[in-house]
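Listed next: structures, encoded as structure tokens.
The two complexes that follow have subunit A in common; it is paired with subunit B in the first and with subunit C in the second.
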Partner chain A sequence: MSDTFILDRNHLPYWLRQLRKERKLIGPMRKKSGDIVYEEVSNIHEIELNCPAILPPVKEFFFPATEAMLRFKKGNVNDNIMGTPAVIFGLRSCDVSALNLVDRFFGGDIKDRYYTKKRENTLLVSVGCNMPDPTCFCMSMGTGPFLHKGYDIQLTDLGDRYFVEARSGRAKNIMNKFRHLFGKPSKADYEDQYEAVHLSQTYFEKRINLEGARNAIVSGAVHDDFWRSVTARCFECGGCVYECPLCTCFNVIDRKYDGTVERARVWDTCMFKGFTRMTGGVLPNRDRIRRTKRWYYHKIVYGPEQIGTFGCVGCGRCTITCPGVIDMATVGMKLSKGVDNS
Partner chain B sequence: MDKIYTICPYCGCGCGLYLHTTGNRVTGVSPSRSHPVNRGTLCVKGWNSHEFINHPDRIAWPVRKTDRGLVRTSWEDALDITASKLSSIAGEYGPDSIGVLSSAKCSNEENYLMMKFARAVIGTNNVDHCARLCHSSTVGGLSGAFGSGAMTNSITEIDEARTLFVIGSNTTEQHPMIGMHMLKAVDRGATLIVADPRRTQIAEFAQIHLRHRSGTDVALLNSIMNVIILEGLVDIDFVKRRTENFGGLMNVVNYYTPPVGARITGVPAEAIKKAARIFATQQRSMLFYSMGITQHITGVDNVRSCANLIMLTGHIGQPYSGLNPLRGQNNVQGACDMGALPEFYSGYQKVSDPASRRKFRRAWGTKVPDKPGMALTDMIDAIGKGRIRALYIMGENPLMSDPDLTQVREAFRSLDFLVVQDIFISDTAGMADIVLPAASFAEKDGTYTNTERRVQKADRALRPYGEALPDWQIICRLANRMGYPMSYNGTYEIMEEIALLTPSYGGILHHRLDENSGLQWPCPDMNHTGTPYLHRKKFARGLGDFIPVEFLPPAEQVDDDYPMLLTTGRMYFHYHTGTMCRRTSTLEREEPECFVEINPSDGKRLCIRSGQPVNITSRRGGLEVKAMITEKTPEGTVFVPFHFREAAANILTNPACDPEVRIPEFKVCAVKVEPVAGKKTTRKPEEVDISKFWIERE
Partner chain C sequence: MKRVNIYTPFRAEIKEIEKKTADVNLYRIALPKRIKYSPGQFFMVSVWGAGEVPISITSHSAFSDGLELCVRKAGFVTSLIYNAEEGTDIWLRGPYGNGFPLDIAGNSDIVLIAGGIGMAPLRPLIYEFTNRNKKYGNVKLVYGSKYPDDVIFRDEIEVYKQMGAKVIVSVDRKNGEWDGNVGFVTDFLGSIKADMVSAVAYVCGPEIMIKNVTRDLSLMGMPHEKIITTLEAHMKCGVGKCGHCYAGCKYICTDGPVFSYKEIREYQLMQAWEDNK
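What follows is the complex of A and B.
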């Protein structure tokens, strides 16, 4: 069960400032160009909570696009494990759901210390989405717009106040420290909170039935001609994978600086033919159709088989970042509506 | 983690992106959602544009050539040597014995300073940059026809166009984010016509794909115009009110009936007719072209033909239409605008015009030369003849990018002094007497002008690597040493000087560029909000000029000895001479080696299988590459990308140039292709001995 509180809107900056004393505070900030990005908060009053989906997802704070893992020099190895205590404020339900799934990849049988250390030291304060974006379809995936479990702290915007839910152990501990800031929710608060949840559902423009898409693929109704037409539009930019909060593929490279060798990992993409390049130059997936198919199969078919859930949280970032308009929402929609193979 | 806004350092789309930095390292990149060109998307090069910044091959200190190879030296030493050498050569052989190559990769401020350096400090108009090799035909052709050589419309307008005619541009691969807008227009029902010998990705979406023979663009365009005139599809009002010399055009175009066009180009007459009818009758028709038009000995003619077609149909001077040359480098438009050209000051003010000369002489407080200087390709010729004794090159790599590399290398050996300012030891820097380490795009601020004339500001994200300095600071230090004081507190001060002297940039100052992704020139004053499309109400020169052109075949034809046509170009994963992208693990892993595209029927005839090594030989040299059998390239033609120094396609290419603007014919030359038998016969490029350089650093 979660502990529930009420926070006056005017007390939010104070609370964040207190949190910042012990941890790095990361939140959505507006840049001069007009974009809103997650970065370290300089001025708490400039945090932008009413913002469209932010590129890239917060996975970059735990699993950066380029991460120096080790440095070795003359037999000495320095492990570069980072994990400054941080709080990410203002992320969305889909981001939290995605991180919970990524945890299963990096924190499974083999623990990835580079990821888990950062994850353990970061508190997530998510804000439910009263007004989802036109690209969002988290409701279809059951990963938003508000969460029932799996979060640290979840805020619901009730206009002049926030309805606060603390779920995880560490979240409850932190809330204990700031008891003086939070009130006890009244019956009206609960009702208002439910209304926000209830109303948000009407704003979704997209309903994507990935179960239908999965059935279509599994039943063999989707032929290669469909995938050929999808692939023809692929720009091979890798954006779908780079922006996907669930994609975790990386490549490992070594670089030599003046006697020190640095081993780094960089984000990788199964959309590239070099992803499975073998010594001697053999490319098992030279065929672009197979690569496109692989990504969708991984998300729609293998996900449910292996981890019991789709490899998609419906955040809509691939919709924003795909130049060829062959993102999960578009393709998933086409698949679920029955594919015309002609 | 900080996120710093900058402009992608690769192509002319000029996409906005954020560099993510931790400490003094870039850890990632993300696209800007509000940027009008990329709108939250990036291509693979953009997504990976951060990796080369911290690459260990970066030049960390000034280096000097000695018998032991390139060795580390101090800034004082490097600049003293450079200044004294340049001064003494200018003193002994005259200022015109020095050539200056500016860079389309550097900012507007740096290009302006470089041309000021050439003209005010050295005293020569011998300043040029790689636009000579890509769009000099555009500058030459369009300034004649319209009076201004740039993309007439904006990239966002593409979404709303009804007809897109793409000729000689592999848009989805070379300008991916413009390709994205084209696809969007097609999805909304626009008709796409592509004219390209190769079956490129964008051609897959075309309703009409005209696969004409390489080098027959004038015939194809004349034939299209012939149909438009004969079928009465000319926009007569527009031709009467806004243009002149229509009669001259008619006389020439009359000959190119569709059957004649078909005979020359190999495109069926019906297809020519169909394309002509669609292009002329649709309102909102846009024409796009790129290297397939410009890199010919008839480059200027090709551009004029495009301009003629646009004027004939009246698709100009309004939104959602126009003539749109797609510029290659991130700041090639800006480098041209800034006057890094032998015949122009900034804003295309002619050096031959006494009034412009007086203006710059007064502003710079020194004499300026009056004779137009040498173009890049002429400078290379002049080195061999002893007329150029020294070159100062900023961020360019002519030893990979120029045609007939064997000759270029020979010429460079005979230089008295070569100074190169770059971020990596390129093939060119490897031959230099002094190499000056420059800051990369992430390590300096400045403005860049993309292909749609949008002047954008990029912020500094990192401290420069090692002892590297931003290019503008290097130029200033060198100028000071050569007795011409140049001091600026920042790039914003340089921009103020540019605005003062350049009418089209008159209202463009740094503080105006932070919002709305910059300003599109012409922007003559501080209240002006920029110009989304050009030639409204009248052309820049007044009336548009129909300059009729006859078809001329390429300089080199196929014959019995060299029976195949070679066309060169770029590929999606790499960029130009590969100094940056080939140091990016993801990009290099995708395409680590050179290849030659051969049509299956040619492959069969020559007994070549996919993956087999083949020798390609032209009259100028040969190289060995792997064959790739594909339908993309038509029969009788082969295609080689030019990014790979170990198999540099420009060893093969023909240095024949357009007589007016001196652009070489990269797109056509005659070669023979044979399977490799037995021993390797490849001519390996000379190794740049980087190892010595590194030992010295310890």
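What follows is the complex of A and C.
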């Protein structure tokens, strides 16, 4: 069960300032260019909470676009596992849901310590979405707009105050330290929160039935002609993969400087032709259609088989990014409505 | 709990390099500690400054002190390994992969079919199956190469015969001195004197060869779950994280690299095979 509190809006900056004393504070900040990105917060009052799904997703703090893994110097190997204590404020329910899935991938039997160490040391303070974007479909995926489980601390904006839920053990410990800031929710607070959650659900413009899409594929109703038409619109920019909070493919490169060899990993994309290239030029996914299919199959078909859930949290980032309009929402909708193979 | 970084390789030493053919070397490697590995598994071999490559194990841990790897000079990293000298360090991670299933062999006939460097991962199986302490069936080996000069384990064929294996060696094209068989491995599948319906086959070689051999074995009446093969894929991590080897809901590195023909068909692991249908 979650512990519930009420936080006055005016107390939020003070609370964040206290949190920042012990941890690096990361939040959505507006750049000079106008873009809003997650970065270390300099001025707490400049945090932007009314913003669409932020690109790139919050995965970059746990799985950076470029990450030095090993350093080799004079016959010795040092691993560069970092885990500075941090708190990420202002991320959304879809981000938290995505991180929970990635935890299962990088955790599990074979642990990726680069990811898990950062994850263990990071507290997530998510804010539920009162006003989802037109691109969002987390409600269809069961990953938002508000979470029932799997979060650390979740805030619900009630106008002049926040309804605060602390779920995980570490979140409850932290809340105990700042009990003086938080009040006990009254009956009206619960009612307002209930209303906010339900009002938010009425704003969704997209309802995507990925289960229907999966059934269409599994039943064999979708022929290659459909995928050919999807592929024809693909620019192979890799944007869908880079911006997907669940995509974690990486390439490993060795770099040399000052007598040190640094082995780093960088994000990679299965949409690229050379992704599967083997020595001697063997290229299993030479065919573009196969590459496009691979991404959708991984998320729609193999996800449920392997981990019991779709490889999509409905954040709509691929919808924002894809220049060819073949994002998960569009393709999923087409698939679920029945594909015309003629 | 001991926290281990799965990406950190350990140091080993190249004890001996044996030149096998113009572009293939056999490396005998001394491991820092005893590591148990089984046939069909692979190691990630690191060259600092160049990268890592998955190399399948050529030795059998019960018959060899250290580790033997057979490396063909093919790409950037393998060329550097090829130029390495005896006594130098080599960095390894592993062993990874599931390895060949041995218990399904029972006491039925065992058919090993190798093409080119595909002989390397099958070599420990010959040692395993001809070991008289374990009651395995008869071992038949069909070993095809491109040219007579490319027969990597040419010097060991007599040894295999002495150990009790029936060996058919062939080359695709003959040049120079060669009085043996000429033809693709598929041409000699009919010459294997084995009860194909009950036998178990282990196949390794280039993709096109695996495709044709598995098809022919299937047509000869072999059940699909008893046709075992090992796939290759571009790999960066070897532990199921980097995503490069992902094919049809399986990671070749952790779920494989050894799969049965049944699994390959069921999960569509070799989508390229579907094209010619």
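Details
One rule holds for everything that comes next: the second predicted complex is superposed on the first by the 342 of 342 C-alpha atoms of A that agree within 3 Å, B and C clash if a C-alpha of one lies under 4 Å from a C-alpha of the other, contacts with A are read in each partner's own complex, and residues count from 1 in each chain.
Please note the rule applied: contacts are C-beta pairs under 8 Å (C-beta built on N, C-alpha and C of every residue); 3 or more make two chains touch, one makes a residue touch a chain.
Since the model is a prediction, treat every value here as computed from it, not as a measurement.
Once the two complexes are overlaid through subunit A, subunit B and subunit C fit side by side, free of any clash as defined at the top of the document. In the superposition on chain A, A:Ile253 contacts both subunit B and subunit C. With both structures placed on the common chain, the touch criterion links A:Asp268 to subunit B and to subunit C. Contacts of A:Gly90 after superposition: neither subunit B nor subunit C is touched. When the two complexes are overlaid on their common chain A, residue A:Arg277 makes contact with subunit B and with subunit C alike. Look at A:Asp35: by the touch rule set out above, it reaches subunit B but stays clear of subunit C. In the superposed pair of complexes, A:Leu55 makes contact with subunit B only, with no contact to subunit C. When both complexes are overlaid on chain A, the residue A:Gly144 reaches neither subunit B nor subunit C. The superposition of the two structures on chain A yields an angle of 80 degrees at the Cα centre of subunit A, opening toward subunit B and subunit C, reported in steps of 10. Of the two partner chains, subunit C is the only one touched by A:His298; subunit B is not.
By the document's definition of touching, of the two partners only subunit C reaches A:Lys111; subunit B does not.
Smallest inter-chain Cα distance, subunit B versus subunit C, after superposition on the shared chain: 11 Å. Residues 251, 253, 256, 268, 277 of subunit A touch subunit B in one complex and subunit C in the other. Chain contact summary for the complex, subunit A toward subunit C: residues 69-70, 72, 75, 77, 79, 81, 105-106, 110-114, 248-254, 256, 261, 263, 265, 268, 270, 275-280, 282, 284-285, 287, 290, 294, 297-298, 301-302, 305-306.
Listed in rising order, the residues of subunit C touching subunit A in the complex are 3-9, 11, 48-53, 74-75, 78, 89, 91, 207, 232-234, 236-237, 239-249, 254, 270-272, 275.
Those residues of subunit B that touch subunit A in the complex are listed here as 1-3, 5, 16, 18, 20, 22, 25-35, 40-44, 46-47, 50-51, 55-56, 172, 176-177, 179-180, 183-184, 187, 201, 204-205, 514-517, 572, 585-586, 589-590, 694, 697-698.
In the complex of the two chains, the subunit A residues touching subunit B come out as 26, 31-35, 37, 39-40, 52, 55-56, 60-61, 64-68, 232-233, 235-239, 242, 251, 253, 255-259, 266-269, 272-274, 277, 320-325.
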